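Shared between the two complexes below is subunit A, which pairs with subunit B and subunit C, respectively.
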Partner chain A sequence: MGRNLHEQRVERQLLIVLLPSLALLSAFVIYPALYSVYLSFTNEALVGPGALAPRLVGLRNYARLFNDTKFWNSLLVTFVFVLGSAVIGQFVLGLVCAMALRRPIRLRRIFSSIILLPNAAPEVVAGFMWISMLSGGEHATLSRIVAAFGVEPADWLNTFPLAMIIVVNTWRGIATAMILLTAGLSTIPSEIYEAARMDGATPQQMFRRITLPLMMPTILLYMLISAVSTIAVFGLVYALTRGGPGGATELVSIYIYNQSFAAYQLGYGAAVAVIVLIIALLLGVGYVKAMKVEI
Partner chain B sequence: MAAIAPAESANKGRSDLLAYATLSIISIFCAIPFFWVLLASLDGDAQLFLRWPAQWTLSNYARVFLTEDGAKWLFNSLLVVGGATLLVMILAGLGGYALSRTRASWKLPLLYAILLVRVLPPTALVVPLYKVLLTLNNVEATFLRSLFGETARPIMRWTGFIDGYLGIILVLAAMQLPLALWIMKTFFDGLPRDYEEAALMDGASLLQRIRRVLIPLALPGLTAAGLFAFMAAWGDFLLPLIFLSSPELQTLPLGLFRAFLRVNTIDYGLLAALAFIYLLPAVIAFGFARRFLVQTFAGGVKG
Partner chain C sequence: MYTVATKRLAQEGKNSNECGIYGGQIFDMGFGLIQVWNRVHFSHDPEEIVRKPREEHVMRKSLFASMCAIGLVAGLSTANAETIRIAEHRQARIDALKAVVPDIEKKYGVTIEVVEYPAPEKDYLTKILTELRAGNAPDIFTAPRGQDVADMASAGYFAPITSEVQAWDGYGQLFDVAKQLVTGKDGQVFVLPAMLNVQQLYYRRDILEKAGISTDQPKNWQDLLDRAKEIKTKTGAYGLLFPMGVTWGGGAFGEGFEHLVVGTSTPQLANDDGTLNLSSAGVKDALGFYAELIKNDLMPTQPLLGPEPWVVPKYEMFPAGKLAATTCGSWCYIYDWGPKSKNPIPNVTSVVGTWLIPGKDSGAYVLVDVDSAWGVSAHAANVDLAKKVMLELGSIKADIAYSQGLGNIPGRKDAAADPEFQKMTALVPVIAAVAKGKYLKTASGFSAVSEGVARATEALLRKETDAAGAQKILVDYVKETLGDEMVK
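Moving on to the complex of A and B:
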């Protein structure tokens, strides 16, 4: 009985020390997420009649969104961006780095430090550095590099905008993929490879039959984490292109920003945000399952 | 140790060579943009493209502080990001401890909720968040003005929710809190309960337990949580862009971005110096965080 009372007291204390965190998250994340659903049914705006007396407009924002080609374009751009940079670019290069760094070669620490570096660059600095790499026509660093292979210089950021932001975001995220996949690789016991080698398996066979299948849980978790964080990318691309030219790099995050804070249509921006929240939550449910939470 | 057959050793040499070649190419890809920032910031006649400086100089750095408001931007960034980091460490230290030790029925649902909150993109949250903070800000402004009249303005710069230090600190902290809570919860899971139970038997109060036992034990976990919060908040551009507007409150990312937008007078040397100043704390923090990277992500893999 006394033991039980004591436990109740401890539980109450634990709840009390947890409360500040819960309060901050409720006020600044959970309540806004729910409030965005309400906002999306209003004509709330930062200027004009919607700012003075916002009212409910039913599904009007969603109807507008459904017929808005710029919205569909931003979803498509985001999809290609996530596919190109997170699912393909970062994953392939991260896996290559993780496997190469498993070999007992010299300079391992230096290589991995350099590969980690882009991850540390603040969004705006990364964008600014890449403007220098890509702009400036024939003097641009990229132009001079590809000139060695006989490729004509170009105004990269204007000619291939979407491909370029994919390259830049791949550059920024190799490290995350490399770290996660290295952790995954280290869980595969080396005896399995030894046994396969005894049986005369080639490296390609070992990769396809051993490494890939055993890495699947890690790969799945990586895909979910990187998809979710890539949907949230804003500053890097905004600093590079501000969504241009002509909406070619207008990610849905930039579209929300432009609608809400450049066109001042908060209600409409909230409707787009709700769609993004739903997509993120769907991926999030998969993420929660893949995490296998232990208590 | 078994002798390696010559054919096998040649094979090994070839794959090692392949590893060196791939890693070298990827490393060059990763490093080149940094060379430009470093070289252009030291170039008296910096250009937008990579080149060896024509004349070496430190004047670009001097101008960041003398002709631009670099010192103010740096101070604001350190204050805002430092404040948010400290807040995250305190909240996550306490909250992570509770999440790890509790046996209550709300434990599992809450852990799921924290993971889900982590996936919500800030870009989708800023619109409603702006409305929430605007309302809070107006209430506070009305209240303060009725008390202090015109002197309310300088107070609002510190305590305002929109365009005030308090608001941006709270928002930055809220966005970094879920990951920090998770790091601390995982950390305390790996910490034996013996010490606390001994302290509990000695009749130590909760506060005494926190001060004498938990803080010293939790220091490595708190360092990791703090470093990750610092790096993410330091590099963030969206939140200051939306919640700060007056020039006195500008932080480094805003200063750098707006300096770059002054199209007709682009001064690449100055911009590169500013970018390097902004980059340096992030790289230093990353250097310290390196040994926690694998733990944090691998912990994510194992759950």
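Moving on to the complex of A and C:
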């Protein structure tokens, strides 16, 4: 009985401790998400009769969405962007940096700082900096660099828009990947490597048979965080291209913005946002199942 | 001790009354009160403990007096200076507004707060619409183009100003076209047409003359296309630019598409029954003209797909002579290529000539529209006062300040005749064209039409479709957005 009372008191205390977080989450995450679901069933707009007297339109926004080629294009662009920058670019380079910087190399701290620097610049500032790097004309930074190798200057953001935003987002995300993967690497006991070395394992074998398998939980966690946060990338790409040219870099986040605040169709924008929310949730569930952990 | 503090408080309260209340003084008063409270309640001095009830009584009186003083001063400061908030964007517009603010403040005894917004028109519009929807927008704001007015009015954002404008002493001075542009079918007026923009075609006279190309007014669209082809062949420069695509925002509609549609056999998009006439031959003809320009490589298409599509063609290619003709407004002589612009064209008024916009088969005209027409928020704190202040933004002085900064045309005749305006020799000739200008009657739903035109022309830019396909994109988009019944 006494134990029960104690448990009840602990539960109450926990609830009190959690209440501020719950209140904030409810106000700024759960309520807006539920309101978005409601909005997606209306013709709410920023102009016209839809602003004065919005009404329920049932599934009209969703029906329209499935026939909207620009929406499907934005999903495809987002998929390539996530795959290229988060899954491949940031992960591979982050892992390389994490492994390289574990070794006792000279100027390690300086290299670490350099890798962390992209995160210090606000994303819009970083975006404008990259615009000056990638803009057209022979005086742009990248054009001058490639000109030294005899390559013709190009308007990089217009000629290779999707590849360029993948490069920029990879540059920006390496530090996060490196930090997470370094934490994962540090959990692998050094004795295992020593034993493998004594058994005559090569560095490649140690990487494939020891590092990767033992890092898998960290890698999956990183993939989950990185994929979901990359789906939500907006400011960096909006500053760089605004989704152009011709929708070539219109990520689904930019498509939601364009529908809601350029075409003023809040209801339709909300419908797209709800679909993206479902995709992100499915992705999360998939990763969690792959990690075989209970939440 | 607390007597000193109380005196200090009383003195500060007096100062507050004399000088108005400031945050620092409130802080000092609060700090003083806390000191008094601490001394009375946390003292261990026996004498003070004996004195405590009497002191508490005095302290309560002091507190009460101080709070009354704060309330009185706060009340007085609110009553004395009612604040009207005016939204404005782009530095040149903000500077013009600030030039007339002191006179208005003096006339009505109000405080005017100029709330600065992002410079790009589309960003400004997005922000102000979001605030209007949330009910916290400034009291007075602008609708950037005529195409925005009907949609903002039907959303209930504007307070009607019909009677106030018609009773205003400047009303009789407004150009007839200005009155027509802002008067709805039901006679309601929601915005003040303080400034007009007058658009036509601007061409590089120096380049054409040097290449031996005629600078005569093109007679029709075919003549204009032939001229553009001749420019491309003889000079290598692009022959003609019409704004297109999604990233140009409202410009694809208001700085290009409108020009052509009003010169076709179906010159209006708004039907009398409130529906939109988008399946017309005129719409298809206009899109077909665009398709011809693109097919023959007569206009630069790649920059128009970028994030700031106007920068390369208008501010770089045209001044450099790599683009020979473009649609533009009177502001181009001042804002885009004038001496104070980023890429000035020397002797701009002689080097750059103008053509009227030719009709499809015949006729020529300028396109007239309201330019950033002023309106009063339906949710303004004091709508009547805001209306009075807004009418002052249509004064001669305000019109001239805006003309000087932006190169647009005053909406009133007496401002255009004013000696200060007459000094702007680049703008004076445009005045004569205002009276015979054409315009597109706007209606609710034009925001969707504008976005639909942007999408349709972007498909043309990307060579994904032809004129009929582009028209289908426009029609489908507007139907999806507004409902099938809205489009004919």
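The rule is short, and it goes like this: the second predicted complex is superposed on the first by the 258 of 295 C-alpha atoms of A that agree within 3 Å, B and C clash if a C-alpha of one lies under 4 Å from a C-alpha of the other, contacts with A are read in each partner's own complex, and residues count from 1 in each chain.
Just so we're on the same page, a contact is a pair of C-beta atoms (placed from the backbone, for glycine too) under 8 Å apart; a residue touches a chain by one contact, two chains touch by 3 or more.
Every value quoted in this text rests on a predicted model; they were computed, and no experiment measured them.
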For this session: Using the touch definition from the top, say if A:Ala100 reaches subunit B (first), subunit C (second), both or neither.
Result: first
Exercise. If you stack the two complexes on chain A, which partner ends up touching A:Gly269: first (subunit B), second (subunit C), both, or neither?
Worked result: first
Exercise. When the two structures are overlaid on chain A, which partner does A:Phe261 contact: first (subunit B), second (subunit C), both, or neither?
Worked result: both
Exercise. Which of the two partners, first being subunit B and second being subunit C, lies in contact with A:Ser132: first, second, both, or neither?
Worked result: first
Problem set entry | subunit B versus subunit C as contact partner of A:Trp156, first or second or both or neither | neither
Exercise. So, does A:Phe41 touch the first partner subunit B, the second partner subunit C, both, or neither?
Worked result: neither
Exercise. Is A:Phe81 contacted by the first partner subunit B, the second partner subunit C, both or neither?
Worked result: neither
Seminar exercise, completed: Partner touching more residues of subunit A, subunit B vs subunit C, is chain B
Exercise. Who does A:Ile179 touch here: subunit B (first), subunit C (second), both, or neither?
Worked result: first
Exercise. Which positions of subunit A sit in both the subunit B and the subunit C interface?
Worked result: 261
Problem set entry | List of subunit C residues in touch with subunit A within their complex | 122, 126, 129-130, 132-133, 148, 151-152, 154-157, 245-247, 249, 302-303, 305-307, 444-445, 447-448, 451, 455, 458, 461-462, 480-482
For this session: In the complex, go through subunit B and note every residue touching subunit A.
Result: 15-16, 18-20, 22-24, 26-27, 29-34, 36-37, 40, 47-50, 91-92, 94-95, 97-99, 101-104, 107-108, 111-112, 114-132, 170-171, 173-175, 177-178, 181, 189, 206, 231, 234-238, 241-242, 252-253, 256-257, 260, 268, 271, 275, 278-279, 282-283, 285-286, 290, 293-294, 297-298, 300-301, 303
For this session: Would you mind writing out the residues of subunit A in touch with subunit C in their complex?
Result: 45-52, 64, 70, 155, 157-158, 240-247, 258, 261-265, 268
For this session: Give every residue of subunit A touching subunit B within the complex, in rising order.
Result: 7, 11, 13-15, 17-18, 20-22, 24-25, 27-33, 35-36, 39, 44, 93, 96-97, 100-101, 103, 105, 111, 113-126, 128-133, 135-136, 139-141, 144, 171, 174, 176, 179-180, 182-184, 187, 203, 217-218, 221, 225, 228, 231-232, 234-235, 238-239, 252-253, 256-257, 260-261, 266, 269-270, 273-274, 276-277, 280-281, 283-285, 287-288, 291-295
